Every structure is written in structure tokens, then in C-alpha cells.
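Down below are the structures I want you to see.
Two complexes are shown next, each including chain A; its partner changes from chain B in the first to chain C in the second.
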Partner chain A sequence: MGSNIDLIFKIAGVGILVAVLNSILKHAGKEEQGHLVTLAGLAIVFMWVIQLLANLFDQVKSVFKLF
Partner chain B sequence: MLKLVGAVMVIVASGLSGLAVAGNYSRRPKELRSLRSALQMLETEVAYSATYLPEALRQVSGRCDKTSAILFGGAAAELSSMSGVTASEAWEKALENYYRGTALKPRDLSILRNLGCSLGISDKEDQIKHLRLAMEQISTETASAEEEASRNVKLWSYLGFLGGLLVVLILY
Partner chain C sequence: MDIMQIVAIGLIATVLIVVVKSQRPELGVLLSVAAGVILFLLVLSKIGSIMDIIKDLTARAEISMVYLGTILKIIGIAYIAEFGAQICRDAGESAVATKIEFAAKIMIMVLAVPIIVAVLQLLLKLVP
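== the complex of A and B ==
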């Protein structure tokens, strides 16, 4: 459970930083880079979350005996 | 513990490099302005007191501020060292020496280089025209440099720290 809470905090941190970076870049007139940063943040968070999702699907498979 | 030290080092390093980039952006308009006022002084020397070139350059380097003084002082020293160089060669040499320590762009360097080509080879009116041309070009560069600085200085000083923070967060 502990590591999951850590992961949630990490995701929240990335979210905050990406939001701040995005607003700064937009303020400086570099909106394309802002979009790029947002997309990169999304990809990083997905990389973390997808492992948990895989765990969930494995568990579903084992519960319903879908091997 | 070790991890924490590493995290601090990453944040400090990327923050400082961001600040360095921001410093470059904010230094360029200042240097351009000081160059312009130094050229103005040189024009005055040439136009009203008709000082000969090494002396005029030395006068200007004594009066303008420190960054441009390297350029004018270097050219004056090179010219009065009796090594047989022409004014444009001396200017070129001083320019290379000066350019390394500044935040100027190649564009600005080529303006000064063009000025050097016509330095000290024609009569007063022609010299003044060339100096005016260089000042005019430097003025337009200053305007664009100021605009660039106002957009980029804040951006880079934040971007460095936030980038470091992001790297730390991802790798932690």
C-alpha cells in the first residue's frame, strides 16, 4: 500500500510541475513546447500507471479463471 | 541520504545552467547599448576634435564602460604598438578578443566587423557615415535583443529549476 501512496504523490508532483511549466511556456509565447511538455508528462505518468493496470487485469483474469 | 544529496545536486546544477542562459539573454541588450554609446563617443572624437585614431580609441576606452573598453582599448593598444598593422587588422584582433567574453551574437559581430573594414581609411565625412550606419544597425539589434530578453529571461530562470525538479521527481 505504501508504494501506491508514493506513486500517487509522484503523479501529483508531475502534474503540478507540468502545469507550472506549461503556463510559463505559454506566457513566453512558446505554446508548441508547452503542448510537448504536457504530452511528455502524460506519457511518463502512463508508464507508471500502466504497470498497475496490468496488475489489475491479471487479478481480474485470475479471479474469473480466464487463463 | 545519498539519494537526497544527488537530488539537490541535480536541482542546483540545472537551476544554475538555466540562470546562466537567462543571464546571457539579459546581458546582450546592455552590451549593445554600451557599444552604441561608445561608438557615439568615437564619432564625436572624429567629428569635432579630429583626433587621430589610436588616440581617439584610447580616449573612448577610458570613458565608456568596462565591457566595451576591452574592445576599444585593445584596438588602441594594437595600433600604437607599432607592429605595422592597419587599423582594420587591429580592430579585427581586438574584436576577436572582446567577442569571447560577451553575450553578443554573430550578427552583432558582423556589424562591428563591417565597421572595422572602413575604419581609418577615408576622410572625416566618410568615417562619420560609417559610424552612423553601425550605430543605426546596433540600435535595431538592441530593440530586438530587448524584446527577446523580456520574453526569455524569466522563462529560462524558471525552466532550469523546474526541469531539475522534474528529473528528480521522475527518477526518485
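== the complex of A and C ==
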């Protein structure tokens, strides 16, 4: 339960951090690195969300006997 | 009070999604997926206990477990498909959402065919 709500905060934190880093890098004239930061943030969050989704699918499978 | 917890998680997630989405729409989508999964996981254990009661009632009414299993499977498919389709529609991809719903309808149809056949056979038995 506690780790569950943590994930929402973690994703929002990554999102805000990526947005800030992106604007800083854009001002410094390093647009390519800004794109890479965006991509890295997206990949990290994707890993978390996919694990969560796998957990959801497993639980739905066991509750509704979908095998 | 679980409902307070659920509403609180929903409200916090909504505010964070609005903040993140204005800067990074793709992370906003992932955030809404995570919020949806967490909220559903919180109620899934309760659904499990309701299912146990329904199973008990079915056994007491001496209805075949095959029918209950089919109904449960249909509910599960409908929920998962609805979940995916809503997320696609939220992200503006109505075409993908429609295809997911179509696939779910086909899957449900496949599961329901044995019951339809059983009903038809019963009808044929009744008609002399």
C-alpha cells in the first residue's frame, strides 16, 4: 500500500525533473541532450509502469480465473 | 476507511497529472495509467471476496460451475479491455481504443458460444 502511492509521486517527480532539465538544456543551447533526457525519463517511468501493469494483469487473472 | 484513501489517491494523482501533462504529455499518460492500476489493485482484493461469496451461493443453488466460470471470465475480459481502451482514448488514440473494444467483444463472443449452444439445444429438446 505505502509503496503504491509512492510510485505516483515518483513518476510525477521524474516528470517535473525532466521538464525542468529540458528547459535548462534548451536555454543552454543543448537541444539534443534535452531530447535524450526526455527519452531517459520516459524509459525509466515505462519500466515502473509496465511492472505495475504486469502485477495488475496477474491479479485480475487470478481473481477472475482467466487462464 | 478505504474509500477516503481511494478518493485521496485519486485527487492527488489528478493534480499531479495536470501539472505533468502541461509540460510532458507522454509522462502524464503513464502517470494516469499508474493511478488507474493502483486504484484498481486496492479494490481487487474486495472483488475477490465477493467472488467467493457468489461461488458459494452458486454451489448452494446447484448451478453448474461452468456457467459461473464463463461469466467471471467475461467480466474480467470486459474490465481489462475497458481499462486499456479508456487509457488509449484519454491519450487521444480513439482508433486504437475502438480496436481494443472490438477485440474484447470477439473474445467475449467466443466464450459465450457454448452457453448459446446449450440454450439452443434445450429449446430443441422442448420442441417436439
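Rule of thumb we're sticking to: the second predicted complex is superposed on the first by the 67 of 67 C-alpha atoms of A that agree within 3 Å, B and C clash if a C-alpha of one lies under 4 Å from a C-alpha of the other, contacts with A are read in each partner's own complex, and residues count from 1 in each chain.
We adopt the following convention: a contact is a pair of C-beta atoms (placed from the backbone, for glycine too) under 8 Å apart; a residue touches a chain by one contact, two chains touch by 3 or more.
None of these values were measured; they are calculated from a predicted model.
Put simply, more of the residues of chain A are touched by C, taking chain B and chain C as the two choices.
Look at A:L25: by the touch rule set out above, it reaches chain B but stays clear of chain C. Of the two partner chains placed around the shared chain by superposition, chain B and chain C are both touched by A:V14.
Once chain A of one complex is fitted onto chain A of the other, the partner contacts of A:I44 are limited to chain B, with no touch recorded for chain C. When the two structures are aligned on the shared chain, A:N4 is found in touch with chain C, with no touch to chain B. When the two complexes are superposed on chain A, the residues of chain A that touch both chain B and chain C are 14, 18. Every residue of chain A that touches chain B in the complex is listed here, in rising order: 10, 13-14, 17-18, 20-21, 24-25, 27-30, 44. Looking at the complex, you find that chain B touches chain A at residues 151-152, 154-155, 158-159, 162, 165-166, 169-170, 172. For chain A in complex with chain C, the residues that touch the partner chain are 1, 4-5, 7-9, 11-12, 14-16, 18-19, 22, 38, 41-42, 45-46, 48-49, 52-53, 55-57, 59-61, 63-66.
Interface of chain C with chain A (complex): residues 9, 12-13, 16-17, 19-20, 23-24, 26-28, 30-31, 33-35, 37-38, 40-42, 44, 47-48, 51, 69, 72-73, 75-77, 79-80.
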